[in-house]
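Both complexes below contain chain A, partnered by chain B and then by chain C.
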Partner chain A sequence: MEGASARGVLSHLSLLEVQARSRGSRVPQQPSRVKELKAKIEALTSQRDQLKAELQLHKKLQKLRAPVDKQQEDGEDEEMDLDSESSELFHLMARHSELMDLLHAHNLIGGYDAITTNRGKGMCFSLATEYEGVYLDTYNLELNLKPNVRISRHNIPPFIPLNSLAEQSDLQSDVRPFLATVSQHLNAFAGRRQQLKLVKEQHKSVEVMESNLLCSILVLMFTVPKEKTALLCTLEYNDHARCLPTRVHLNCEDELLPDSPKWKKNCSLLMEVPVHRALTAIKKASDIV
Partner chain B sequence: MSEENAEEVKQLEAEVKLLQAEIRALQQQRQDSWENFSFQFRGQMQHALAFVCGRTQDLEETVVSRLKEEVEQLEKDLKLQTQMNGISLNSCITKTLQSRGREVVHQVCLSGCSSELVFQVEFQLSELKDGARTERRIRDLNLVLDSSDLQSLSSFLSRVEETRELLLFFRTIRSFSEKCDDRTRTFQHFQEKFPSIVSLPEGCGSEVMTLNHPELPGCGFFIHWCMDVSTGGAVTPKIQLLSKIPEKALQMFPSQPAGGGAAEAFQSLLRILGPKAAMESIIRAVSLSERDELSD
Partner chain C sequence: MDNSAKHLLQRLVRRIPASMLKSTVDKWGRLTAEKRKALDFTQSKWTLTQELVALCEDSGLTVKHITELEMIYITENPNQGMWHTFQLVDPEDDAHSVELMQFKEQFKSHLRELKRNVSVKIKKHTDEAVWIRVAWGDDLSRPNHLKATYVVHYLQTPYVFVNALSSKHKPLLLQALTLSTRHQQIKAANLSGQKLTALRDLLMRQYRQVFPTKYPSPLVESDQSISKLRIEKVQAEASANRHRMAGETFGDGMLPALQSAVFKLETKFKDPTNEAMTQRDEPFICSVKFSSSNLLESLRHCASSGIASTPVTPLLSSIPLKGRNYFVITDNVPT
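Coming up: the complex of A and B.
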């Protein structure tokens, strides 16, 4: 009889406990909140110590990388001392970071980022373009190296005569002159295209009448002040490896205007200076609106 | 009992706030110094970091050997890039100038060489996040060059500093140093082949090759080979023949030969035969060689 009532009480108690837990009872809150905070502090302390260690390591590696010219900060506390056992590791880490920086630098200066592909049977190159300090599009070119050197895949636009450039250069003995020529053409194209973009942005009073995909021809319409005469200017870029025109031609209803000394001077300016900048100068001289 | 707990809770919460602030400060410090590509610990560098902080069971030898492997891979990669790009970089120092919002600005200092041409380049690189793309731009380019041939490069250098065309600068010095190397090899080749006639008074890296016949000490010819560098970066070799013949000798020839003097004749030869064959034929002429045929 005692057992039965004990069981009854126990089972009642455990029922209460279950009910309390399931209700998320706030009664035992205080002790577990302390525990929660203590656990959080432990985690945060570990995180902070980790960050401190990383920063210390960074400082140390910096020191290892620049022994000569960097000014040494005096009185730096070395919390991680350089024992001989670990110095090989630190030197390796310093060299690793130096190599990563040098490789990144090769990319920054417009290097080809050459990678061997297809187990050495091919090679892939990135051709970077830039104009007036702005990095523009990067193109990619893959060459098959075995059995002989041939162009494989690429994303170079079709108006760049890749195949004929390849024929003109001796791909089999050295691919670098070919790459340099393609890069020159791509950069010249990117430069001409960028100039057109800048003309449209900076010179809204000048109307772009005609341009082509290769940006090798540009026809602009100027408005001459006073009589508001229209002046048609054709820029021909026949040397596709350059971003300056090879010929500038003017057309006007007033046939005397293009031969005026002022406009002869403007024509030579357009031959020597990128078009968006030439137009700024011409506008400043009030020769066009 | 709940009062004591409330005190403790307050203290602990304050401690948490302090730690969080400390962490934020350290993270900012890390971000400021670690925009450098190199210090984002990845791969074997991450394992090495874990080892240094005592957070791994790995043996030091294991960590070192794995890292060594990765470093050797990187050395090979650097060799390949150096060879393909024709530029040898020996140091790259980056400093973060600004890292706020969408724009990061680095100060980059590079030094290296392209064959005999030694350079030091300093610039600011701005990277602006614009959606999925990052716009990269060079600001403030400074170029220092050490070369025996600075005169031909000076107008190009000042233009390229103005327009900040970093990539054009490197493409051009690569082309320039390749052409200078070609000149050096050619001059050296002729000096070895015709040692009695050819001399290089300023060394094989110079622009001038002197031709003298040993029995005609007063008469000399000079091949002047310079590099013309346009402001757009086009490098064009310009080869000229100059002569130094004493007045008395010239007087022995009352009339100029048809087609002008030696200098003009040389320009025609250049156009027909190309530089190396043209130079060889002049050398043979100066040597008063009995054999008229040109070598292959």
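Coming up: the complex of A and C.
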């Protein structure tokens, strides 16, 4: 028994020895390794050439684009040695990349962003709203472009009269005025809503008697110090594209109070300054509690 | 307190679940604190009713006060009964500046012009909803408070939700609403259900809709068991597309709990193996109803799992897109 297994082990060992010797004497597999490395060099070279070509293309496009604020009028160092067809193509590509950058910049400064959807048959706009440097909600609006320009779906709340705004502008020729108006309405609404939120947070002594979803009307109850009389202040925001009221009027049991010069001044302050800041000023002047 | 008031109170206490009775009565505020303390809410409803009736009588409360209690209960628990939606169209120039006081006065006066003996109560809820309760009477009888109609409307939006409105009173109510909101017409919006909150959230877009963006969100992580890995790799892209399309159609996260959708078909029968039916000239009229505890989430799951083909058919995508759950399909034009 032992002999058999020993034979098995020994024969295996001698096999390994033969293999080791042959490996040692064989020429190292350089040709295949060399081939591998050569192929890699080729791939990297072609990649480098491709990148070089793209870089050249971009440089040419940059030159074709309208000079923004560079003062580089110091002569072209390369003549456009292209035939008319590809030159037109280059011009189009330059214009396209210019517009894409403009759109990106527009979005960065708080304007709307746009992408094409559905293989070019539609567009989706995302309209951001902000107030006093703080980003608020973002709304989306999808348009179908074929057969004619139509609003397809959106998440704009129903108290923004989207359909009537669409009817008022000519969607078929240019959507930009329509989008500008919608963005204006949305931003104004977001601003008015934010003002209401700040009034509730910062001025707990002021009671909000009435408001509505559109934030186009606000009725506040002030308490005048000393006599502790109640003063009802109604702010009407009839221009839904603005964050400031179009009309402010006061109601008080003491009929003389609203006509006092102090309160006339406060009324005009409320017309010119966002309500939460106006209230801070009025409180500071100790006109209200 | 007269008999009708007593009867109304008894019916109301029976209707309000025992768990909500104390908080509703507290919110009502018509009974003094000491009287409320005297009430033992652990008793049987029957005994409690008798006690409440006695206390209300003692406090000199009338039908008017009882209807307040009913309104508080319904406003806090609106998802009962059957709500139907109407849509106001053709706004006048000043429709967008209608404010609450004006609306209240106009509605009451218009309604009273159309029907003399009505009892109207209007209250604004904290979420800016205007709640209206109408008890209808006629020339011969006093308003019937047992079958009151409830209306919910958000000013400056075109939608009106109505509960328990009889066909006899429908034209009157709709006309009063149209005039007081400064519109020219009102039409059925084909959206109804038991859950007012679902109908409202759907129409007011109070749920997370998904729109195509420049920056697509990453694939959802799936569990990496080896056996599924190969299937997942092949199916990943298709699955991601289905999820995306389902999300874009129905929305993301929790969806308004719409509970049913009805498709009324008036189309020609199309089955080549059934000659008897296909030979008929008249369209085959049938009604298909989908029911679920949350229909939109069920449909979204159907689309994302592949049970319903994607892109989602307009028959189903119209539900969230148009905010309707009743459709009539004819051969010419599906509406």
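Convention: the second predicted complex is superposed on the first by the 181 of 289 C-alpha atoms of A that agree within 3 Å, B and C clash if a C-alpha of one lies under 4 Å from a C-alpha of the other, contacts with A are read in each partner's own complex, and residues count from 1 in each chain.
The definition used in the following text is that a contact is a pair of C-beta atoms (placed from the backbone, for glycine too) under 8 Å apart; a residue touches a chain by one contact, two chains touch by 3 or more.
Since the model is a prediction, treat every value here as computed from it, not as a measurement.
**Student:** Quick one: is A:H240 in contact with chain B, with chain C, with both, or with neither? Answer first, second, both or neither.
**Tutor:** second
**Student:** Could you look at A:A180 and tell me whether it touches chain B, chain C, both or neither (first, second, both, neither)?
**Tutor:** Touch partner of A:A180: chain B, not chain C.
**Student:** Is A:Q194 touching the first partner chain B, the second partner chain C, both, or neither of them?
**Tutor:** Once the two structures are laid over each other on A, A:Q194 reaches no partner at all.
**Student:** Look at A:N266 in the shared chain and tell me whether it touches chain B only, chain C only, both, or neither; answer first, second, both or neither.
**Tutor:** Neither chain B nor chain C is touched by A:N266.
**Student:** Go through the superposed model and pick first if A:E88 touches only chain B, second if only chain C, both, or neither.
**Tutor:** first
**Student:** Of chain B and chain C, which one touches more residues of chain A?
**Tutor:** B
**Student:** Taking the superposition on A as described, I'd like to know which of chain B and chain C A:D113 touches: first, second, both or neither.
**Tutor:** both
**Student:** Residue by residue on chain A, keep only those touching chain B in one complex and chain C in the other, then list them.
**Tutor:** Dual-contact residues (chain A): 113.
**Student:** Which of the residues in chain A end up touching chain B in this complex?
**Tutor:** 30-31, 33-34, 37-38, 40-41, 44-45, 47-48, 50-55, 57-58, 61, 66, 80, 85-86, 88-89, 92-93, 95-106, 108-114, 116, 125, 128-135, 176, 179-180, 183-184, 187, 241-244
**Student:** If we count contacts the way the header does, which residues on chain C are in touch with chain A in the complex?
**Tutor:** Per the touch definition, chain C meets chain A at residues 91, 96-97, 99-100, 124, 128, 154-159, 203-205, 209, 211-214, 321.
**Student:** In the complex formed with chain C, which residues of chain A make contact?
**Tutor:** Chain A residues touching chain C: 113, 115, 117, 124, 126, 140, 142, 153, 155-159, 161, 164, 210-214, 216-217, 236, 238, 240.
**Student:** Under the definition above, what is the set of chain B residues touching chain A in their complex?
**Tutor:** Per the stated touch rule, the residues are 1-2, 5-6, 8-9, 12-13, 15-16, 19-20, 22-23, 26-27, 29-30, 33-34, 36-39, 41, 44-45, 48-49, 51-53, 55, 60, 63-64, 67-68, 70-71, 74-75, 77-78, 80-82, 84-87, 89-94, 108, 110, 125, 135-139, 141, 163-168, 170-171, 174-175, 232, 234.
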